[in-house]
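Look for subunit A in each of the two complexes below; its partner is subunit B in the first and subunit C in the second.
And now, the complex of A and B:
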């Protein structure tokens, strides 16, 4: 009945490895999610109806099905069709696809928030549609959606713990091993809970700073 | 002989799993709603010590993975407090607490959405703090919070799928069982995903319906 955190001391390095893997997975998945989210956001703001509808179905499906079900679908399903990849890659793919659905919403609202005057100015200046999009719309949309994309990242950090169910030894996976090694699950998971909370708190502070820095010239409108 | 084919009994299993998922979802949402609103009321009365404590606990629950919370309750509590915790009990405790943390946030912003001048006016008429809360704030806050509440509940339905990891026979666990027996991951996980999707849509539709009903009373009807 005595809380003794010193038993965790020998395992700090081991847990650190897990945390590093969590960080790598989250960064890779964030990159994947932003790329995918950008494409889907473009599709959702497209003028062609069926492209818009297809993109909506993707977002709707992946937001309304539990991540663990999606993960098992890929983890058990991909080998069935002859694609043999390791659990970490499967996890990153699943996180990217699920995160992409959320990221697309963030970027889409960034695109929709762009002032029509800017688009008209670009048109008048004789810029082609593609150049307007890649040089004007996307940079503004990505910049204003830093904060919502940040909450996608925070969600991703929390969701990545589910990868421990498909044998990926990230932070939660390592903690499971430590818990069964020491027979002190309470200490291990209590510390893990606080570590995750501290981690996401730090990330959210970083995101606020980044958001302020990137949007410093629009301070009056973006606040 | 290996029973690798689907049987009609599997439909019964799926229905059973869906029942467990929906049942636990309803129970934990209800408990979470009661606790979360109570926390919101505590904050409204600005009870010293209790308010910062609740805010701290809510932040901790919101910013850590539900999987780790589940492990803490299911593996940690029995080891530390020498209790017997069944998977279903652990699931109910964890999901209720988690839902409560998110509902607390909604409750706080709903209470704050009611204008200060209304409260001042009500106080000037001699209403007690409780009467203000009950007759002025509660009806408006309820109408305000239905939208975020529906989004939260759709999310919490997906979170319930994590309890399959600690052995509750919910829909996701039934999916894992069927997957192991039939080795047809694509069909099994697609069906399980579809069932979750439809349930989520049902919740969203119910929320939208209820919202229009509540909003009807708050609309300005003319003099």
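And now, the complex of A and C:
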């Protein structure tokens, strides 16, 4: 069998559309996951028992269910009880929820790592809990959790390929179509392997840069 | 006035403060001396509300730190400088200083920042306005820590071993600033191991020993053979300090 990539040339634009959709879905889901992760990280330190418990249950549950099962539940299960959401939105919601469970861990460890002396300085100066959280705790925690949040993003890029199973034509979805159009699955999926590897590699470089940039002024992890 | 009345503090079974009484009037500089573990830091932490009392009362200008509603007012009247600086690492020196005056005292940002720049200039850090703490030396960080406390215009400045994380040169530069504040009439409650410096700037010296306030004397008297030195614990402490 010969590897003949020229037959893919007419489909590059088509695959590019898929890659663009993958990027959009992942960025939206990352935003969703970080917001959710932040809320859950806060909830996990709440004074109220049931809020804390709920947050722990969410993290535990969504980390212990295969993503494809969560996805099928949202896409095929919910319409049974009258909730219809289009495929792309479903994908973003599912990825956000799944990613949020991991993001909350990352942000939570960022919060717990903050030097207690800094919080005491804030407290004695009379800063409210809310201001301390929004102006001190969160900005520091988000900076220090850039790397783990980056892992969440990379995972999301990989996992987003599963959205092709619910008719979302992101990168993998488009590739499936090209493979069946051309009857050349070897070439198509070989390219797909390379593209995903390149994509995650680029993202991880970007994350390292961002980490350096955001943390160069922080004492502990300036390097 | 800052009044500490019969304060008791215990951690589990260990009594750390055992009926401490202390009054600091506006304009006074009072130094707290005592061996390691005698409860000096704990006393400061009780005054700024970081530790709950197990007995007694602390009032700052009539606001009781044990009452949640009054604690906020009490905290507006005092400010703390910490041994390990505790600057906000993600903020520039200017932002470190301006945060609380803007957020707590609700003062206009422009005015606060102008004052912050003047404060930084007064401690020789005009060129570090936009620097982050990680890029400052220990002595510079502590000078920022002092500015951050002063920016709140506290009636009482609480300082807990603010030079013990610094080398001698940096210690000197921070002590020079504190001496200047003392001359200008800043009210200070000053925990230190720098006995000589305490002697220079203090109106009074109190000595804590195992959670008990052994003496509270005017500085001269504290160092007089018939005064503080008459107490064996204090004589022992001072001679040990000399040796170090």
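Quick note on the criterion: the second predicted complex is superposed on the first by the 218 of 223 C-alpha atoms of A that agree within 3 Å, B and C clash if a C-alpha of one lies under 4 Å from a C-alpha of the other, contacts with A are read in each partner's own complex, and residues count from 1 in each chain.
The rule we apply is simple: contacts are C-beta pairs under 8 Å (C-beta built on N, C-alpha and C of every residue); 3 or more make two chains touch, one makes a residue touch a chain.
Computed from a predicted structure; not experimentally measured.
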If you stack the two complexes on chain A, which partner ends up touching A:48: first (subunit B), second (subunit C), both, or neither?
neither
Looking at A:135 after the superposition, I want to know if it touches subunit B, subunit C, both of them or none. Which is it: first, second, both, neither?
second
Which partner, subunit B or subunit C, touches the larger number of subunit A residues?
B
Which partner chains sit in contact with A:73 here, subunit B, subunit C, both or neither? Use first/second/both/neither.
first
Applying the touch criterion given at the start, work out whether A:190 contacts subunit B, subunit C, both or neither, answering first, second, both or neither.
first
So, does A:6 touch the first partner subunit B, the second partner subunit C, both, or neither?
neither
Of the residues on subunit A, which ones does subunit B touch that subunit C also touches?
none
Please name which positions on subunit A make contact with subunit C in the complex.
115, 117-118, 120-128, 131, 135-136, 139-140, 143, 217-220, 222
Would you tell me which residues of subunit C are touching subunit A in their complex?
48-50, 72, 75-76, 78-80, 82, 84, 86-90, 99-100, 103-104, 132-135, 148, 152
Which bits of subunit A are touching subunit B when the two form their complex?
1, 3, 61, 64-70, 72-73, 76-77, 80, 154, 158-159, 161-162, 164-165, 172, 175-176, 179, 183-190, 192-194, 196-197, 200-201
Touching residues of subunit B toward subunit A in the complex: what are they?
59-60, 63-69, 71-72, 75-77, 79-82, 154, 157-162, 164-165, 172, 175-176, 179, 184-186, 189-190, 192-193, 196-197, 200-201
